[in-house]
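In structure tokens below, several structures.
In the two complexes below, subunit A is the common chain; its partner is subunit B in one and subunit C in the other.
And then the complex of A and B:
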């Protein structure tokens, strides 16, 4: 069996005239936290719906655990936990009723673990879903997604619109899930600092295309913010090899470059400029640079 | 253990963790032989991927700053002797790098910086001297 829990190959999807995914290819290795980042409308949710088998691949292929989630939904979904972006839970049920109801679908449901999660998340099992706060609602959704100890946990924008306390819960749950069980997590987010905290590997989507996919560490290694100081103002805006973004004017120019090696410094020297600062950019800056490049 | 990491810093998170553990060790706030929190616990505290903490611990172990005793946990290396000085020098090197790059930006040469260091050293020795 492949070491990739999810394989998406050249997946394209259109809704009417709108392109949601455009020739997107990603590989999610086993045992890692994989962050799917991009702005709203970049195609993250569409990609997740293909992984869950809610959408059939029109162009390209989707494999989860080596299987087609549309052709074998039971085999795929039994091993997968999912927290949706809108987190719609049946409002009329109590928390314990929802737990019993969900348990029926999952042979791997672990009652002790569910009880433990209920305590950790400070949920009252007898409370009606309708009366839960926004934060409790997400915690309930997370409990439901985790209690059958899935091999793959899929979280779609788990922390959008939440206060820092609940966001912390979700991040902690992600961290515990990997630490405890070495399971695979795919989570989408537009909060890049969150992604940077917990991801091993990251894919950036922009307008349906995968603009960057790599281990977070490689991404960090391969990007620098370089500030150059010229002896005289260049007549035209200067260029550096691998530049994604250029800012500045006059004597001082700042670049965000990829493919960092000796070529940037050589190019600077040839233009009569020298490096005055070299910094590792945040994932946020890297993403914005790729988006606009 | 008082450690803070921030993605806004830019530096990879495992390097931020390494730097701060070295700092805590060099400043004596972490003592030789003292036990460090388990990977998972520190990961939850810092809200970072456990692999990141494990990586920082592993690299610090390679450097001789930490030792793993199987079944017992991770500890700051013994007696301070092999560890403390390199760790202190490393911290100092980072500061010096910053100083040198600032000097470069201000067009002040290395000799002048060294001269300035000596002057400040003399100055520190006589704190009653106002300038």
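And then the complex of A and C:
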């Protein structure tokens, strides 16, 4: 059995003249929380739709649980839980009807867990979905995605519509609990601080391309914000090896660099500058730097 | 105190123009072209010089044209953009527009109203232009129907804008609002026989005009009243009563709401609850309205004909409804919720077809029950003669068609309904507007082609083309079905037993047809020409179309679901 629950190889997809995914390759290891980050329109939802088998790969290949989700939709969808960013639940149903209907498709549906989630999420089972607020709608979607205890939980922008308290106290707690049980979570978000708090591994998408994919710890270890002080103002803007971003002017310049080894310090010395600060950047800064690079 | 400024006329005009541009331009223009072609074709078929139809049939066809036009106009003006993505609540974005309530209501009510009237006049003018003989007859609807169409549109749209709760109240108010204009117009339009023109079809008196304008004004006032409440976010009616009723229904349902036996049962429940019930429920309501509105003397013949119309037209409507995943014509693709359920393409497609079949059966039962109830009521009230006449009329229609007078006829009716519903559903299941457009255009093209061919060619050539067409259509249907099963099989969409069922059903229906039509077949074979023998292909081809959806529908869902 492969260690990767999702394998996407050189996936490309165009919609008319717009390239939604461009030669994207990612591997989602089993039992981790995998964060898919990128700005709006970066291709996150398109990638998730390929994982669900709702889009057919134009180029490249997608395997989920080692299977092709287009050729074997039931085998794939029965083992995963999915929460969409759109409010796609049937508006005419009540919450309890939705639970009853969904239960029929998943032999592993856990009634007690469903009831417990319903209470945790403060949902009235008799309420019509049409009358739910945006936040309640997301919680209902989360309920039916979780109650059958899926091997893989796919959350597409789960935070949108949730207030910060619910996001921190419920969503993140659930994500950690599911991950602790050894199951896998793939979730997309443009809220990088949230991704940073819960993810074990991250892939960054920009204009359909995967610009970075690694363990979060590795990413943080491999990036630094370096501040250099020159004795005299350089005539041209200075460069450092592995620099992704450069800011500043005059005597003081700040760089965001990747591939931190001794080369940056040597280059600084050669230019007659010295490091005055070395900080670990946030995921937000790293993402922006990669995007602009 | 707020300063009230007069709204410049240019703003009003801009709002109206925007409504036309954003809501109606494509639908209204398509409807105009569609109605024009339909009318021209049908009128040509029913004029006396077309040579064939008795006067009663002509009148009935006029009524059919009238109804078809009205439905097309209404469909083109349905305020779909104003509903949310599920078509069940208003999109409140309209309320955020910086417009006074009266103008908002006017743009949503008055504009479609005027358009409905104008559409009717344009269509009629077009029809008269392409069929010169029509101008001389008294049958063709012009001014009266244009005004009535406008009135009904106004009343219907005003009703749509009322934020009523709960839904039974909505239904009652809706019936009430339409009942007034309907009762009034039915008295003016109804002649001694349906379709027989009365004065109001061609001219409207000042009193009648004033009455219709009165209806329009009332509708506009109701629309403003509804819009004011909808803008404030308040509902009209009895919210608590609705909740109590729903709670009661919930308790009643709990007894039968255990776990579903299987995925298929769950999906069938889903399809039925979402769309399957709509046509049967509307059929019942429509029949009740009809029975209460119709003139006593005309009730039986009208109802008998209406039921017959139900049996053939409803499967098409149910097909459109069941096959359509999305309310939005811009994005008719399968909805994310269904697409992400762990149900196979085949199971989803076949469940939708099953729900459609159930819907057709429920509609039949509703229609026939209504008819039976009216006849029984007439028997009970001592009007047994009328009831007998009603049954005779129904039997007469069946005999005229020729195959309802036997058990085989009933099977034939089931077969036709299933085939129509399943094929239309399949086309919609593809989720491609182009395919749906093809479904609409193809019969038109076929009809127009046949019409012009018959007019432009000699009799012999005509016959030759007809027989060649029969060859092609029969053979094409068989080849299409075979290819569909082969492709579906190659994609592992079909189980072995589906093939067995499909082939078995096809062979059985062909055998029954051969047995019943042995004499005709022998005559055709004896004629000795290959072309006439080609007619023999038409029947098995048509029968193949009834099993083709078993393979085509899963292919359509797969095409839609995995884009």
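Going forward, the second predicted complex is superposed on the first by the 282 of 293 C-alpha atoms of A that agree within 3 Å, B and C clash if a C-alpha of one lies under 4 Å from a C-alpha of the other, contacts with A are read in each partner's own complex, and residues count from 1 in each chain.
Simple rule for what comes next: contacts are C-beta pairs under 8 Å (C-beta built on N, C-alpha and C of every residue); 3 or more make two chains touch, one makes a residue touch a chain.
All of these numbers come straight from a predicted model, not from anything done at the bench.
Asker: With both structures lined up on subunit A, is it a clash or a fit for subunit B and subunit C?
Answerer: fit
Asker: Based on the superposed arrangement, let me know which partner A:104 touches: subunit B (first), subunit C (second), both, or neither?
Answerer: The answer is second: A:104 touches subunit C but not subunit B.
Asker: Does the superposition put A:91 against subunit B (first), subunit C (second), both, or neither?
Answerer: Only subunit C is touched by A:91; subunit B is not.
Asker: Looking at the overlay, does A:231 come into contact with subunit B only (first), subunit C only (second), both, or neither?
Answerer: A:231 contacts neither subunit B nor subunit C.
Asker: For the superposed three-chain arrangement, provide the angle subunit B-subunit A-subunit C between C-alpha centres, rounded in steps of 10 degrees.
Answerer: Placing subunit A at the corner, the angle measures out to 150 degrees.
Asker: Would you check which partner chain A:52 touches, where first means subunit B only, second means subunit C only, and both and neither mean what they say?
Answerer: Only subunit C is touched by A:52; subunit B is not.
Asker: Where does A:73 make contact in the superposed view: on subunit B (first), on subunit C (second), on both, or on neither?
Answerer: second
Asker: Tell me, in angstrom, the smallest C-alpha to C-alpha distance between subunit B and subunit C in the overlaid model?
Answerer: Checking C-alpha atoms only, subunit B sits 27 Å from subunit C at its nearest point.
Asker: Using the superposition described at the top, list the residues of subunit A that contact subunit B and also contact subunit C.
Answerer: Shared contact residues on subunit A: none.
Asker: Which part of subunit A faces subunit C closely enough to touch in the complex?
Answerer: Against subunit C, subunit A makes touches at 52-56, 70-71, 73-74, 76-78, 82, 84, 86-94, 100-101, 103-106, 126, 130.
Asker: For the complex, give me every residue of subunit C touching subunit A.
Answerer: 84-86, 88-89, 246-247, 250, 257, 259-260, 262-263, 265-267, 269-270, 273-274, 335-337, 339-345, 492, 561-563
Asker: Could you list, by residue number, the parts of subunit B that touch subunit A in their complex?
Answerer: Residues in contact with subunit A: 6-13, 39-40, 43-44, 47-51, 101, 104-105.
Asker: Mind pulling up the subunit A residues that touch subunit B in the complex?
Answerer: It is residues 32-33, 168, 171-172, 175-176, 178-180, 192-193, 196-200, 217, 220, 225, 229, 276-277, 279-284 of subunit A that touch subunit B.
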